[in-house]
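The structures considered in this document are given below.
The same chain A turns up in both complexes below, where it pairs with chain B and then with chain C.
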Partner chain A sequence: MENLLSFWRKGSVRSLTYQWGLVVVIICGMFWVYDIATTNMARLGLKTGFDFLTDEAGFPISPALIDYSPRSTYIEAMIVTLLNTIFLSLIAIILATILGFFIAMFKLSSNLLLRKFGNGYVEVFRNVPLLLQLFFWYFAALKMLPMKRSSISFFDVAFLNIEGFFIPLPILEGGAEFVAWAVLIATLISAIIWAWAKHRQKNTGQPFPSLILGAGLIILLPLLVAWVLDFPVTWEVPKFGRFNFEGGTALEPEFTAMVFGLTLYNAAFVGEIIRAGIQSVDKGQKEAAGSIGFTNMQTYSQVIVPQAMRFIIPPITNQYLSLAKSTALAGAIGYADFFWAMDGAIAPQTGQVMELQAITLAGYLGISLFIAMLMAIYNHMTRIPER
Partner chain B sequence: MRFLNSKIGRLTVMSAAIASLGIMATAAKADRLADVKKAGILHCGVVPGVPGYAFPNKAGKMVGFDVDLCRAIAAAVLGDADKIKTTKMKLPVAFNAMKAGTVDVVTHRFTWTFARDVGQGLDFTRVMVFDGQGFMVRKSLGVKSAKELDGATFCMSAGATTQGNVSDYFRKNGMKFKQVTFGSMGEAQKAYDAKRCDAFCTDKFGLGARRLAMTNPDEHMILPETISNEPISPMVGHGDQVWKDIVVWTFNALIAAEEFGITSKNVDKMRSSAKNPFVQRILGTTGKFGAKIGLGKDWAYNAIKAVGNYGEMWEKHLGKDSRLNMPRGKNVLHTKGGLLISPPFR
Partner chain C sequence: MEPILAPFKMPQPAPYQSKGLLGWLRINFFSSWFNSLITLVLIYIIFNLANFLIHWAFINAVWFGDSAKSCPDINAACWAFVTDRWRLFVYGLYPSELYWRVNIVYALAALTIISFLYSYGRWTKYFRITMIIIFPITAYIFLVGDAFDLKYVAPEEFGGLLLTLVIASIAILGSIPLGLILALGRTSDLKVISKVCTYFIEFWRGVPHIVIIVMFVALLPIFIPDGAGIDVVVRAFIAFAAFNSAYMAEVFRGGLQSIPIGQFEASRAIGMSYWKMMGYIILPQAIRNSIPALMNTCIMIFKETTIVMLIGFSDLLGIIQISLESSDWIGPPHIFSSAYTFAALIYFIFTFGMSKYSRRLENRSNIEQQ
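Right after this comes the complex of A and B.
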């Protein structure tokens, strides 16, 4: 008995017992729920499975980034709307980051007016529910946009009215692939120049305008190739049909309102994260950079921001994840996102609610993990190199 | 697909089942009638706020056609129409609730379709409203028929058969269209009102009410075409035939009551003095129909007394005595050329 007690009192034995005990309890619990679920589903005659995915969807999706018609299958409908969700998230993340950066700069500015504006912006946008902001931008946009019969024309090739911004669609002809190759080659050359310039600056301290040169190259080389080939592109210009403009492509107000709403809302949080990151860098760093003759611009880009980044990345990753997940509100204002398709369109038609919920969960989990992975890679690249 | 149907795929479904059913699964029952009687309350899933069908009145109590269907069942089973608890449910929630058994009946405006009925763990009971989808347009558009809507943009709401119906109709007629589908009917209606779309689309019995809610109702008109057939039916969980019989025959009794002229006002007099054997059997003065489905002999009497016959319910919530003022359309008795018919009480 005495032996048993002292054996039990050993820390490692006890912790192992507790841990394995918990594992056993969890596994038993899962089996128990699994058993109940299967029994009940069998009793109710539920047909589970994913066969319905290859059935015809029957409803249109607009906008669709890839080829899609109502004759497409449910799985194609899911892919199209998942792409819509990813596309919307991506655009909003980029714009929110840019706008957030400016908000942070405003809040740190020595200019009283800018500082007050930054403060006011953050307080207004982060304290009003996102859904309300989306409704506001959407219906505000509908109120402001011109009616169809009085569309605003831009040089008779692009038109703006309440149903969207109609722009010409480029239709590629033979030879267009050379232009694409030119873009690729120009990007490669720019990268080489950039690497070379960095190497030279490290050795000699001589700066080289590699960014401007690279940008110029990427724009001009493809243009030159296109000019030589006599521009292998025709434009499908929107024309007014019976009800509205047809042909070309359109930027619909639902998408625009989503981008607006998500950007403005998330920029408030991103701005605060960036401000906090910059303020976390010791003041001495800025003064030291100034004392060796760095310009203000150089101080920020070479000294402050690289150090602030390490503070910024983890919370901004959370913000990006939250943004990506909040795109699920898009259905409320009629933008065809992933959740809209799963919950609003496919579930009512098929009734396969549980399977769809599983796919929906997996879809958003996938998007979130993907964003988290990218950010982790970036975080790894920008961490303090340890010797 | 093969992978998804494999064991691992099924396991994924099970995890979702665990997430959605969870502990509730243990509550799924085999003898619903006994459970309802024991609980003394009937749990109903209803549409989240459609005037006329299920909508809070000034006192905050849910009233409407769908709520009365629920009250009728409560009156038949428990003898008291007020012993109900209504829960607002969108379709995915309602379907899961049926599977999990957290509600006894769903009296929602759900269209009876093959895919919803088969293999989903639920049963549609009987069609209580014959509806069909239609279009509303602005008079200024100069359109007289849905056939002239080639290339138009439609506002509608998700979560229904609406999208597929419009798509089918336009495909059938070789026409193109664009649609903006909103998460809720309210937003779809507001967007159409703001001229985002050329046409607004929903079930015809909804269109009338929606037109009245526009900024200027006189600017709009409802096109004559009915592009789909929407039999609206309450649902019960699959596998409890006794409970399904109770629900179906309570609804049948409401329709039969209209056929035989039994109303909430004259039901007492009819019970004591009616000579018609059908009326006697419905109201329990002869035969033992109540006992055969596990209820008291007053089951149908209680239901009719509480909510009236089908016609009374319609006029009170959807027809002449309501703000909606909708004509009954096909929802009149077969004896008057409609589609309502109750199997005989024999």
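Right after this comes the complex of A and C.
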């Protein structure tokens, strides 16, 4: 007995017991749940298996980035709506970051009124539920827009009305691929110049204006090629015909409302993150940079921002993840996103909720992991090497 | 060589440009031509916005009425919708002769909040602990009933602000203990336990909340033995507590990581067991450090309760949406914007109050530490 007790008191024995105990409990629990699930599913007469994926979907998906018709299969419907979700997240992430940057600048400004304005923006948009904001944009704000005949016109090339935002569409002609090649080549050359300049600055301390040169190259070379080829791109401008707009493309109100809501809501959080990151850099850093003759611009780009990034990246990754996940609310205002397709369209038709739930979870986990991975790579690239 | 001494100067008075009201204005609003431009543009924008809002919300607004016809002006707020339906928004479908029970719960909730807002000398602690214990029990008895001669009211009949507050409180109170356990598991030295907790947390955090709620509501009956039917409202409560515990776990993990390693080593060195070390030394400090993040998570949970309307519950937003689509009030979009403004104001009062409270706690703990 005494022996057994001292054996049990040994740390390694106890920790192994706890851990293996947990593993056994989890495995037993899984078998138990599996058993219950199979009995229940047999009792309810639910179909199982993934055969339905190649059946005809039969429902339309209105913003489709790739070819899709109601005659396509379920798996194609899933891919189309998953692309919609990714596209929406991407646009909203980019816009929210840009707007959030400005909000942060407002809050750091020396102008008291501008600071208060930024503060007010953050408090209002951060403290109201996202779903309510989406409803506001979709059911209230966008529904107040004029009818098609009296659209709000932006320089006669884009039109905003109750049925959506009508924008010009670029039409590619022969030779357009050369311009694309020019962009690619210019990017490659700039990357090489950037790497060489960095190497040289490390060894000799001589700076080289690689950023300006690269930007110029990427803009000018394709322009030159396009000019030589007599601009192989024409813009198809929407024109109001007898009853409807012809030409161009329309951003549907559902999409516009989602972009508005997601951008304005998340920009408040992004703005706070960027502001906190910049303020977390010690004041001495700015003063030191100033005292060795850095301009204000250089201080920010060479000293403050690189250090602030370390504080900004982890929370901003979480914000991007939360944004991507909140696109699942799109179904509430009728935008055809991944969750809408799975839960609102495919599940009622096929009844195979288990399989669909598994695919939904896998889809969103995939998006989350992808964003987390990208940000981890970026974080690795911009980290400050520690001695 | 003789050292060159700088001529001694008396401290100079502040330059006249930075003194007084004019100086304050110059520093804060007109420090450069660009700043002056921004100030003028902003004054113009804010003036127009305020002018519009005052006309929209007060001067032209319609305050009373019983249908969409009472609000013909599309450039004015339609508060008639709110004054006509406010009972529905506050009490949901709760039987109207039993409103007094809800009122008692609201009053108790207010008393609980008050107990945390102010300090009452040496009674503070007892007051708060009593309220924290009494409030959930009395709230349950009064809301659900079925005890002490109180009539039973099914949770399905909760609605409006009441449902929003009930879901938020259950999610917050349920996820804190679960989150604490998960955080302890994740930071544990036992590799397997730490891995299991990590995967559990990351799984919930990687999936949209609406997906989880739909999963629980639609699929939970398949995973439990037949006969043990769980009410659909309770399923939603479980879902909320489940995924929010993952967020809470991350909050507490942050708090645990902020404790210097010396604290762990010192408690071990004087022979404390793991649970004694956690209970007496680490957790009291870690929980105090995680209060700001905890309050942020509470705000997030409160806002997230709106998604229950997507599975057919009538929380505050849900019941407003239903009322907007009822035959009396269906109409032009300006009624929608008034209703959403009202809802936003209610949510704002709660979330803004919570964030102000958290900032006060933070300031106080900063002062205590100095």
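Note that the second predicted complex is superposed on the first by the 331 of 387 C-alpha atoms of A that agree within 3 Å, B and C clash if a C-alpha of one lies under 4 Å from a C-alpha of the other, contacts with A are read in each partner's own complex, and residues count from 1 in each chain.
In this section, a contact is a pair of C-beta atoms (placed from the backbone, for glycine too) under 8 Å apart; a residue touches a chain by one contact, two chains touch by 3 or more.
As the structure is a prediction and not an experimental result, all values here were calculated from the model.
Enquirer: Does chain B (first) or chain C (second) touch A:33, or do both, or does neither?
Expert: both
Enquirer: Is A:368 touching the first partner chain B, the second partner chain C, both, or neither of them?
Expert: second
Enquirer: Which holds for A:130: it touches chain B only (first), chain C only (second), both, or neither?
Expert: second
Enquirer: Regarding the shared-chain residue A:212, is it in contact with chain B (first), chain C (second), both, or neither?
Expert: In the superposition, A:212 touches no partner, neither chain B nor chain C.
Enquirer: Look at A:23 in the shared chain and tell me whether it touches chain B only, chain C only, both, or neither; answer first, second, both or neither.
Expert: Only chain C; A:23 stays clear of chain B.
Enquirer: First (chain B), second (chain C), both or neither: which does A:41 touch?
Expert: Both partners, chain B and chain C.
Enquirer: With the two structures laid over each other on chain A, which partner does A:113 touch: chain B (first), chain C (second), both, or neither?
Expert: A:113 contacts chain C only, not chain B.
Enquirer: If you stack the two complexes on chain A, which partner ends up touching A:49: first (chain B), second (chain C), both, or neither?
Expert: Touch partner of A:49: chain B, not chain C.
Enquirer: Under the contact definition given at the top, report the residues of chain A touching chain B in one complex and chain C in the other.
Expert: 33, 36-37, 40-41, 43-44, 46, 135, 139, 143, 331-332, 343, 353-354, 357, 361
Enquirer: Residue numbers of chain A touching chain B in their complex, please.
Expert: Touching chain B from chain A are residues 30, 33-34, 36-38, 40-41, 43-54, 58-60, 62, 70, 135, 138-139, 142-143, 147-148, 162-163, 241-244, 246, 252-254, 331-334, 336, 340, 343-345, 347-358, 361-362.
Enquirer: Which residues of chain C touch chain A in the complex?
Expert: Contacts found on chain C: 27-29, 31, 35, 38-39, 42-43, 46, 74, 189-193, 196, 203, 205-211, 214-215, 218-219, 221-226, 299, 303-307, 309-310, 317, 321, 324, 333-334, 336-337, 340, 343-344, 347-348, 351-352, 355.
Enquirer: For the complex, which residues does chain B have touching chain A?
Expert: Listed in rising order, the residues are 1, 4-5, 9-10, 12-23, 25-26, 28, 30, 91-92, 95-96, 99, 101, 113, 115-116, 118-122, 149-153, 155, 158-161, 163-164, 167-168, 171, 177-184, 187-188, 190-191, 194-196, 198, 237-239.
Enquirer: Across the complex, what residues on chain A touch chain C?
Expert: Against chain C, chain A makes touches at 15, 18-20, 22-23, 26, 33, 36-37, 39-41, 43-44, 46, 109-114, 117, 123-124, 126-133, 135-136, 139-141, 143-144, 321, 325-329, 331-332, 339, 343, 353-354, 357, 360-361, 364-365, 368-369.
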